[in-house]
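In the two complexes that follow, subunit A is the common piece, with subunit B as its partner first and subunit C second.
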Partner chain A sequence: MELLPQALIDGILLGGIYITIAIGFSLVYGVMHIIDFAVGEWIMLGAFLGLYLNKWTGLDPFLLLPLVFVVFGLIGYLLQPVIHRVISGRQGNPLLMGLVFTFGLALMFRGIALTGFGFYSHSIPSTFSDKSFFYEQGTFFMTVSGIRLAGLIYALVITVALHWLLKKTNFGLGVRALAQNRDAAALMGVNGKRTSSYVYGIYVGISAMTGVLIGSILSVSAQMGPDYTIVAFFVVVLAGMGHLAGVPWAAFLLGLVQSFFLIYLDPGLTMLAVFAILFTILLVSPRGLFAKGV
Partner chain B sequence: MNILEANSVSVKYGDFQALWDISISVKAGQLVALIGANGAGKTTTLKTICGLVPLAEGQIIYQGNLISGVPVHQVVDQGITLVPEGRQLFPKMTVEENLLVGAYLKRTQEKKAATLQRVFQLFPRLEERRTQTAETLSGGEQQMVAIGRALMQDPKVIMFDEPSLGLAPILVQEVFEVIQQLHQQGLTVFIVEQNVHQTLKIADYCYVMENGRIVQEGTGKDLESDPKIREAYLGF
Partner chain C sequence: MRSKIITWSILVVLVLGIVPLFVSDAFVLRILTEAIMWIGLAITFDVLAGYTGYLNFGHGAFFGIGAYTTAIMMVRANWPFTLALLAGARVTTICALAAGFPTLRLRGAYFAIATWALSLAIQQLALILTITGGPDGMRLPPFLNPLYFFYLMLGVVASTFFLLWFLLERAPFGLKLKAIREDELGAQSLGLNPTRLKIQAFVLSAVPTGILGGIYAYWITFIDPASTLSDLVSDQALVMVVFGGMGTLIGPVIGAVLIFSFKTIFWAYLSDFQLLYLIILGAVIALSVVFLPNGLWGTIRDRNSGRGGLKKKLTGPPPGIEAEKKDETNKSILTAELKSCTQKDGVK
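Presenting the complex of A and B:
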């Protein structure tokens, strides 16, 4: 019982990171109907860029985030037309083509990273890393790590910024129109190709920044990708495919389930529990927690 | 002067040829109608004009400029808009957001508050429902949103694809009144309809389509008194 506050805070802090892993992934699915298998690899590549930039410049990883976003945003922006070509061919199921193509990208990125960066784990030092806050109240106590708290703040900033972009700007209106009806959006003057490129760039940029953070909080390695791809899938399916507003809640739920299992039960069973819960929820509500997915 | 022209347009969907050598011209300020049975190619004609469907042969000219081959979002920027069949609203957006997407284009951004007021004046019902999502509206209200959204684009030419489809008779009447009103305000209107009787009454000029070809054309009055048209489309 004394550990309850700790389990709660750990779950929320972990959930925060999961939001940013899944939110761009969900956006890309909603707008372009691409299930991007390479999400974990974008995180990994971003983490390595952060690692090397930190080594060269000595700057705190949090200060490097904007640069990482710009670099990977540009990569995503330039890559999207290629993906568009692959999924809009006359033959083949677009969803499947996207899946296969991004799966190939993921394998390629992992291979390149293994060759280029080796298979060792690294971590990106941050000034927040050695700070932590300790609270005690009667028999209850909890420790909050500074870097994880900074991660949660980062996640909230990203979420609010994305919400603002989608709900309050003309660009966001176009993005939502595109997601809901492609032809009608074109008739309203939305340039589908360019808007999709921006969205894909934003997603790749966010994923790469999240990678830097994960590199600071946990670790960086060439083989880290698939772990986070699974997280992205879990959160997005639970939230409802393409239902962006459900992502934060699903992410917090995943974080809480993991932290409770780690603290109270067998850590080895965490992933089993996570998927048992996912299956149960999908059995009851196949379109996700809020029954608003597709 | 013709504001919109289709010259010998052919369209193919794979091996199937949907349009054969279609020529249509619309003069500025006219209300021109295209009638014909289901599957005659009317919707394809409209989609081809605004660029949603690529053409195999021929050209489409708007205000003296070639617009065939130009992407849809650039065609509509020049002032042609389509109120598509089945409304094609953005279902999860509110009425107001649906209308504001109509003002997405840069040239319409500045005056969007004023245009929105004009649309609300034309359809007071939409102002009452502005915060409701589009999917919760009735068919008639959805059609109003679709027309309002097109008007937000400040078009010179507005094309309607079966605006009366699936509406109750009283609403059909209302939709036709609105179309006539827009026409009287100086908009050029190109309308595809199955409701032939009503359409011939309001049209300045009319084309009849069968199996992807234009088979007859003339003023609304001429066609109304044509025995073949009366038999095929009017039922008497």
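Presenting the complex of A and C:
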């Protein structure tokens, strides 16, 4: 039982990162009704940009985050019109077409990354990397790694910023209106295309930034994409599709499950456990833990 | 048009049937056998993706379940191949029912996610279990008779094709699935049970896939998670279906033949650039979604019947209006046909 606090704290720190993976993804689903299969690949590409920027400039990855956000935000902003064309074409099933399109993108990105960067895994060094806090009292002890704590703080900052953007600004009002009813929002003067572009840009930017953090907390490799795509899927299904408020809780739950499996059980079973939970949720409460999904 | 296609299909199957009489080269037979297998994987993938509008990323998992069950039954229990293959089909059915029940009640997004998660979980399971040989895979007793496998594969795929043809293009079942794809709520209000139909379609798509997996395992005599359970199986089936044309039976066949030929040539001449294949695969999917949303066959068919023809575009009303009209008429025809067939069936 001595390991219990350690497992808890690791799970929460890991869950923090998962929030930022899933929150943009959930937002995009809510607003544009796209399941973006390329979410893990955005994370991977962002991580590689962070890695190379760090090599060239020597700056701490945390200082590089704004730059990564701007670069990928722009890419997302420019890509969104193509996605819009795909999902609003004559073909009857927009969701399916969006899925297929982003799936193709994901394959392509993964291929390009494997060709360009090889199979090796790297890590992005940060000033927080070798700092950690150790706490001990009798048999009760735990270690909090500095970089993971910084990651959690980053995740909370992103979540709060996104919350502020959605709830307190005119832009956020437009986004929420779009999510509720596209046509009515357009009648009220919300520019659907442009707002969707911004939302997609924000989502790609956040995913890429999270990639940089994952690169300095865990590792960067060209095959990492699908691992994080499944994280995004799991968290979003658990939270209820498009239900943003549920995302943090679902993310913490996944973090805890993973850390418990790592410490107490076989880490090879994690994927199976994740699938079992997903399956149970779909069976019992298909609209997420809080029954508030779309 | 419809009867023409069936005549052509029978002709193609017959021609393929007599090919081994003239070609004795083992390599050519091997390529043909694999091409036929991919045709089978593509048409079964299309039952869900094209006709029902649900994307099944676990297609490769069902292929792998069939392969592994057959292999386990033959190696660990010493069952004969035919029995093991039947066991494989049975296990695939059970897995499809189990995976379909919770996910097919919901919208398409959940299904795509859950099947993808399923394929990852099955991969993991095959890696950690001892009965599957873990990452080392399994070796099956070799049975080196290329002709046997060629005819077996051809027989299974041809009968699957004609069964799907009958069910999807002739019987009301296909219309019902299409109705669900177009408007699930509307289909329900006409007295259909979407969940049941979707699960039926899922099983219909999974079982032949499992059988193909079983044949593949015995044919190749070696299976491991990296080759049999990798995402590449679903990915390639998806490319074939999307590129060939979703929602038709001929489209996936054309897509499978083209993509498989490309793959074979690619591996023969450019095997140093394996990763390029992934990029091309992804690019073909993304580009055909953008520029050929109806796929190759869909575009050809539309052009032949003059629906998307240039002439009509220039003289007729603006394309948007035309499309809406086309959609309306399509929907009304579908509704009318569906009504008549539900009444005939006496569906409650």
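We adopt the following convention: the second predicted complex is superposed on the first by the 293 of 294 C-alpha atoms of A that agree within 3 Å, B and C clash if a C-alpha of one lies under 4 Å from a C-alpha of the other, contacts with A are read in each partner's own complex, and residues count from 1 in each chain.
Basically, contacts are C-beta pairs under 8 Å (C-beta built on N, C-alpha and C of every residue); 3 or more make two chains touch, one makes a residue touch a chain.
A quick note: this is a predicted structure, and the numbers were derived from the prediction, not measured.
Chemist: If you stack the two complexes on chain A, which partner ends up touching A:148: first (subunit B), second (subunit C), both, or neither?
Modeler: After superposing on A, A:148 lies clear of both subunit B and subunit C.
Chemist: First (subunit B), second (subunit C), both or neither: which does A:84 touch?
Modeler: After superposing on A, A:84 lies clear of both subunit B and subunit C.
Chemist: Based on the superposed arrangement, let me know which partner A:183 touches: subunit B (first), subunit C (second), both, or neither?
Modeler: In the superposed model, A:183 contacts subunit B only, not subunit C.
Chemist: May I ask you to decide whether A:271 touches subunit B, subunit C, both, or neither, giving the answer as first, second, both or neither?
Modeler: In the superposition, A:271 contacts subunit C only.
Chemist: Applying the document's definition of touch, where does A:174 land relative to subunit B and subunit C: first, second, both, or neither?
Modeler: In the superposition, A:174 contacts subunit B only.
Chemist: On subunit A, which stretch or stretches are contacted by subunit B in one complex as well as by subunit C in the other?
Modeler: Of subunit A, no residue contacts subunit B in one complex and subunit C in the other.
Chemist: Where on subunit C is subunit A touching in the complex?
Modeler: Those residues of subunit C that touch subunit A are 49, 53-55, 101-103, 105-110, 112-114, 116-118, 120-121, 123-125, 127-128, 181-182, 231, 235, 238, 242, 275-287, 289-290, 293-294, 323, 327.
Chemist: Any idea which subunit A residues touch subunit C in the complex?
Modeler: 29, 35, 82, 85-86, 89-93, 95-97, 99-101, 103-112, 114-115, 226, 230, 233-234, 237, 241, 266, 268-269, 271-272, 274-275, 278-279, 282-283, 286, 294
Chemist: Touching subunit A in the complex: which residues of subunit B?
Modeler: Touching subunit A from subunit B are residues 50, 52, 71-73, 76-77, 81-82, 84, 88-93, 97, 100-102, 104-105, 109, 149, 153.
Chemist: Using the touch definition up top, name the residues of subunit A that touch subunit B in the complex.
Modeler: Within the complex, subunit A contacts subunit B at residues 170, 173-174, 176-177, 180-181, 183-192.
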